[in-house]
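Per-chain residue numbering starts at 1, and chain names A, B, C, D and E are given in the order in which the chains are listed.
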Amino acid sequence: MTTGTPTEETDGAAKGASTALDPRLLVRQEGFKGYAGDLGRRLRTGELGSVPVVVGLLIIAAVFQLQDSAFLSANNLSDLFIQSAGTGLIAVGIVFVLILGEIDLSVGSVSGMSAAVLAVFNVNQGMNEVLALILAILTGTAAGALHGFFFAKIGVPAFVVTLAGLLGWNGLMLQILGPTGTINLDDDGVVAQLTNHYFSDKIAATGLATVCSLAFLGFSLLDARRRKAAGVPSRPLSEIILRTVVVAVPAFAAAAVFNSYKGLPLAVVIFLGVVLLSDFVLRRTTYGRKVFAVGGSSEAAGRAGINVPMIRITVYAIAGTMAAVGGMFFASQINAANQSSGAGSLLMNCIAAAVIGGTSLFGGRGKTWSALLGALVIQSINSGMALLGTGSAVRDMITGAVLLAAVVIDSVSRRTQKTAGRA
Amino acid sequence: MTTGTPTEETDGAAKGASTALDPRLLVRQEGFKGYAGDLGRRLRTGELGSVPVVVGLLIIAAVFQLQDSAFLSANNLSDLFIQSAGTGLIAVGIVFVLILGEIDLSVGSVSGMSAAVLAVFNVNQGMNEVLALILAILTGTAAGALHGFFFAKIGVPAFVVTLAGLLGWNGLMLQILGPTGTINLDDDGVVAQLTNHYFSDKIAATGLATVCSLAFLGFSLLDARRRKAAGVPSRPLSEIILRTVVVAVPAFAAAAVFNSYKGLPLAVVIFLGVVLLSDFVLRRTTYGRKVFAVGGSSEAAGRAGINVPMIRITVYAIAGTMAAVGGMFFASQINAANQSSGAGSLLMNCIAAAVIGGTSLFGGRGKTWSALLGALVIQSINSGMALLGTGSAVRDMITGAVLLAAVVIDSVSRRTQKTAGRA
Amino acid sequence: MIHVSATPVLALRGISKRFGAVQALTDVELEIHPHEVVALVGDNGAGKSTLVKAIAGVGPADEGTLEWEGSPAEINRPHDAQDLGIATVYQDLALCDNLDVVGNLFLGNELRARGILDEVEMERRARELLATLSIRIPSVRIPVASLSGGQRQTVAIARSLLGEPKVVILDEPTAALGVEQTAQVLDLVERLRERGLGVLLISHNMAEVREVCDRVAVLRLGRNNGTFQVSETSQEQIVSAITGATDNVVTRREARTPEVDQ
Amino acid sequence: MIHVSATPVLALRGISKRFGAVQALTDVELEIHPHEVVALVGDNGAGKSTLVKAIAGVGPADEGTLEWEGSPAEINRPHDAQDLGIATVYQDLALCDNLDVVGNLFLGNELRARGILDEVEMERRARELLATLSIRIPSVRIPVASLSGGQRQTVAIARSLLGEPKVVILDEPTAALGVEQTAQVLDLVERLRERGLGVLLISHNMAEVREVCDRVAVLRLGRNNGTFQVSETSQEQIVSAITGATDNVVTRREARTPEVDQ
Amino acid sequence: SADEAGDNADSKKDKKGPLTIGLLLPENQTARYERFDKPLMEKKIKELAGEDTKILYSNAKQDANLQQQQVDTMITKNVDALILDAVDAKSVSSSVKKADDRDIPVVAYDRLAEGPIKAYTSVDNPRVGKIQATSLLKELGDKADKGQIVMMNGSVTDPNAKMYKEGAHSVLDGKVKVGKEYDTKEWKPENANENMKGALSSLGKKKIVGVYSANDGMAGGVITALKGAGFAKDEMPPVTGQDAELNAVQRILTGEQFMSVYKPYVPETEAAAKFAVALAKGEKLDDIATSKTDSESEKGVPTIIVKPLPLTQDEVKQYVGKAGFFTAKEICTAKFKDACDKAGIK
């Protein structure tokens, strides 16, 4: 009875059917024709999810490619992906905080501090690198949890707590680095490998793409079968195949790009892994559900018996952890910890990545994929500017303009869509 | 009939009485005893308004004074007030934006840009200084209005628009300043006077304090009379007197401090004037009411027929204007426009000033007095740290800690107060 | 009882509205005459509030036209509706939680004396207004966030009476009200009719509808499902138009528990 | 009709609660027995919802004690109340607007299969549950923000039925419901009583109260104003306990408009 | 008390008791200020004026306005002399004037602050760029004609960066093709790394024969980018630097970085200390100063200019262990044992 009536879980569009089938629900025609019609409707009403950001990204790429043909070279694209990992990883943590409807200004300082912790323990104290790495990341977790504690338990506005963190942890970092200043990391160490290791065997990239695509297909089919069995609406086969293609094409394209340079970068694997994992946590676990609930309405969440302070503390701990992980990637890029680690535009870049990718600042909405997309947008602009070698003043202006333009596409397409509440 | 039942307009505490007098309303006893009792209750329930921040400020002052007796010297206090004017003025604009429930990241860059505009027109182009000043401030207004336009009309999230502004206007500033870099302003010009002029006649400071106190008393009495005439609850005379004393004491104290140094600083007069004016606009005009309404619920405000986009654009224009005005003060301090104008911690300081003073980041609540209080807190910390002369690492840590401590007092006292919704 | 004029003050023609994949309204027709109280009834989710929002300019219709006093009118923003003379009480009230009772009552219509908000006069009139609706509110200076459900609803109703509207739309105005306040609001509706206004009253309470309304328009699944003159129709007829069946839970329940049905 | 046990499952003793300068509740006493539906009625702003929030742990009382099945209990957080077995439907619903219907229904009680949210099973049960309340919702995957008032209320009611509560508190559950849905909810309340639960029902609808409740507790200006056995009390008596006067707008209105009063 | 500031300005010169010297440094993102300048200066001042001399220190974190406030505070504290390393040498003039009005003598340190300064001591900044460029050209030899270099300048918001850049250009222009040139935002190594990657993609690895990097931090970022692009240790194009940071010294020993510029902190700080103490005591500077400098607003300021020195692998050994440089223990950590041995550092 319900076969053929599609459902869209991810973006909450109204397309399931109640057991008492609501006659006002416009059921999509089966097959590709229906899909096309639906796409047309979505285009008109602006329910496009990530599409506008991707379009923005493509336009940025096209424009820079016209300016300098090196932009779309395998080399540059590979670098670009690797460089976006640091920002993106921190942005994943920011996404969690933004879903809560809060902000974390301390991520830059925390990332710098943990890089310093790593360097001091590993290089100056001679601790085993992996141990030092774990310690450094735990430092981030602890700092985050501390912010969470002050916010959730003492009730200090998150903005102020994390602003104090921004100052305090930066001071601590300077203190830790001490008189030496910059500390170089081991060239062949684990941290150095984070952004410098490539799985050069061509099997790696292609294999990952294949595994991802097949896994996506497999889970989609499994889900559809379970849904059919339970009598709730499920996706038709044609749609599953179409969606798999949409996933598989960029996956294989990326694999081809990586393979025509040095192979699959470790940084990309880790970044993708973190995004996938955090996406899973947010959408498929009770914890993730609770995070969204607190972000949507902490009052309602509390009344539903959710331990709101606990969720808040853990989310800040996650943000701190991700900041530390991102800090490792930044340290890996210059293979050193120095006094300017985590300072400057890092903070804004990370928050911007999350927001550009489509995560709302007002809480309750967002996905970690937006960190990936947003980081790519920002890194593309940076990388394009580095290729062009424009002067600093013009560069700032262009960066601002491109940033705005990338998001305007999204905003305009979204504006046609009437959303309840502020988006 | 209603005489003796007090009302509290400013903080919405439940103390009026309906014409059908609600018997559950606990009417305060008349006279000072009732006032004391009421204060005790407020202390217990945490409805203390700005008191905790003021207490925080006093504690900061006391601690620094113990460390270095120069902190409370007339000289230092006078400097401190003047230095807080720049941050405070920008924070006034931020308060407007925060009341809307939005954020403005561009204020630093806008302030730097308008300083550059001033310097280029006045010094390089030889334009009349006052004209250049007006032009510079209008530049800020225009930049702000542009942000407002993109946010309100195109629907780009304010965070992204103003982030683009942060980058773009900074680039433009560098461009305007051009290869010269720093441009020094006329030593005796209008802008230079902003932070360097003192009304050295002792009458000025004392007179201002007297006028303020008397005006406060006069308006309170007038209001009480009108209220009595209209049959709505009014403040008893004893309370009016008490409140006037609370206003007059710090006013005369400040006047005494200023007079024992160089006199009443022009910067303080302007800053106070702006705070008073903006407070008046927010609380006593339809425009201010609309700003609060949009911040409380843009949906409800729109349904009430308020032109929401218009309010948003004007608020951003105000923020841009105040950023430019603040920029003039910063330029006046160093009597120059340079390439780092408006960069660094300026943005965070200004937002922090507004938030520390008690303006909520979630919209709908706040007063411009919080900009004054917050700017004083931040400047006191800066000034105190400069007096102590600690190393920069320790200094950052202490600054973070003091910031947190200053707000913890507020948060803890507020926590006892059950507020509807998130505060 | 009172003369109902021939041209409707407000007429809706072929209103349709879609939300994503949900066709909330399809070709809805409705007329409101001066001196008339029209009830709009329907099941939950029938589209009543959506229709109200379309009239009030909050969520303009996708298709269809509006006629105001006989000539076509465009309502694209709440402001347009207010200019025509339509006052609306929304089901979700739409109050600004951060403003106090006075602030909410006069929002968009603030009283001023020499350019400055006239708080004293506003407060006085707010007290008067609330007294006529016999609601007790601790203080008119309390933010509406801390009011009880019924108190909030009364504030929203009082709001709509401030201007000089020609049509008043009330979306479930008595849902949260106590017996006394409900009676006051019904009195009020009758007074509005006497003053020559057109009133559109949405309610799930059939007794209420039968008590004050002249005509009942039934909406079912986003479509018109009949219009009835109250005086000529039984409650059962209306209920079956709402539910779309003569045999429904309501009738079954009534058959089971006849003793309490007064 | 059904045996009511001697020890109340929930008893409130001397509950007082203050908001700033408003004394919302003063020494309120209330008992709920198993197999019993108690109505809590009172004027707007009488303090009913405040009392509910005190029981549910959302806004604990300043003074007074709670007894659960005869022994004192502490309820300081919503979690405590849920652990005891109190399920609450709040007047303001307290749904997470950003979550879909399924997400809201199971919030805090998510079904899991091997650690992972079992969306399929939750969706199936959500459909079942909503069908028993005869509500039509376009999709259970729609965010609750886009539901109609009645649909939202039904979701909130359905939520409270998921656990295995011993006491169910319903704060004006039928305020926004259509005739059919109201009947379903009243049926539901009766089923709960039959299953041995204690139910506290807040309502302004006297007909409803008289139909399903065994006992009526009246709150007036934050104080107890009498408890009545429904079977022995007339509607007028209850109304005058609520309004505090035998001559009130309600009686006056009824005197004026006798013809429509069925 | 309130009056103290204004009245006793004249009596200061013959004031008894310990001196108070103010020290204002511009930023905290490079190690040198708190590692070398501050302690060396404190040591020398105490040596000259007694152990009980009070030194008030503040760091302006690269913020001109903050520095202005710090000058105000120093005035409030009525210091006897002020050593000022200006964030912005030009705009600081009003602060200098303010201090001067209150009879507080200002020693311009490291950067030639405008306004009525009483003495000036510095490393020759334009010369830094020249040294970097000259060394680079020499190292490139005939490769200079065959390839291109990449220039990684400092932040545009830092006036010193402009001097380095101009100095370097004055040497490089016409001698070698500059393939790409960047102003590095915030002097950040990460940004230098990113820009270098862009240059590598855009120009191609083969064309790049050398990199001008304005300081050591950025050199670190550049070198990781070069390594990432597949340059082996021995074919690495020469990369310049500045500041002789510890990690750069280590890189120079292993051959990853070609050179850095060493600024002899000891003579520079000692000069400043001498000036400040003499000024505080009201003594003449003629014996101390080695030359005179004209700034835009002042003529004939007593000056000591210290020459910056190139630091390539060959020079490291001679500085090790000296004041103002690192000890062998600091440099020769386990990882750099071999390199140290090869360079003969113990």
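Rule of thumb we're sticking to: contacts are C-beta pairs under 8 Å (C-beta built on N, C-alpha and C of every residue); 3 or more make two chains touch, one makes a residue touch a chain.
Treat the numbers as computed from the prediction; the structure is a model and nothing was measured.
Trainee: Touching both chain A and chain C: give me those chains, sorted by label.
Mentor: B, D
Trainee: Where centres are the averaged C-alpha coordinates, which chain has the largest centre distance to chain D?
Mentor: Comparing chain centres, E lies farthest from chain D.
Trainee: Farthest chain from chain C, comparing Cα centres?
Mentor: E
Trainee: Averaging only over C-alpha atoms, locate the centres of chain B and chain D and give their separation in whole Å.
Mentor: Centres of chain B and chain D (C-alpha means) sit 46 Å apart.
Trainee: If you average the Cα atoms of chain A and of chain B to get two centres, how far apart are those centres in Å?
Mentor: Result: the chain centres lie 36 Å from each other.
Trainee: Per the centroid of Cα atoms for each chain, what is the distance between chain A and chain E, given in Å?
Mentor: The separation of the two C-alpha centroids amounts to 39 Å.
Trainee: Any chance you could list the residues of chain D touching two or more other chains?
Mentor: 19, 21-22, 134, 136-139, 142, 146, 221
Trainee: On chain E, where are the residues touching two or more other chains?
Mentor: Within chain E, residues 28, 34, 156 contact more than one other chain.
Trainee: Residues of chain B touching 2+ other chains?
Mentor: In chain B, the residues touching two or more other chains are 13-15, 22, 24-25, 174, 299, 392-393, 395, 421.
Trainee: Please give the residue numbers of chain B that touch chain E in the complex, ascending.
Mentor: Residues in contact with chain E: 68, 70, 73-76, 79, 83, 86, 174, 181-182, 184, 187, 192, 260-261, 330, 333-341, 343-346, 382-383, 385-387, 389-393, 395.
Trainee: If we count contacts the way the header does, which residues on chain C are in touch with chain B in the complex?
Mentor: 56, 58, 77-79, 82, 88, 90, 94-100, 103, 107-108, 110, 112, 115-117, 119-121, 123-124, 127-128, 130-131, 134, 136-143, 145-146
Trainee: Any idea which chain C residues touch chain D in the complex?
Mentor: Listed in rising order, the residues of chain C that touch chain D are 19, 21-22, 42-46, 48-50, 91-92, 134-139, 142, 146-151, 153-154, 172, 175-184, 186-187, 204-207, 210-211, 221, 239, 242-243, 248-250, 252-253, 257, 260-262.
Trainee: Spell out the residues on chain E that touch chain A in their complex, using ranges where they run on.
Mentor: 28-32, 34-35, 155-156, 180-183, 185-195, 197-202, 216-217, 220-221, 224, 227-228, 245-248, 250-251, 330, 333-335
Trainee: Can you list the residues on chain B that touch chain A in the complex?
Mentor: Residue list for chain B touching chain A: 101, 103, 105, 150, 154-157, 159-161, 163-175, 298-299, 348, 351-352, 355-356, 360-361, 392-401, 403-404, 407-408, 411-412, 414-415, 421-422.
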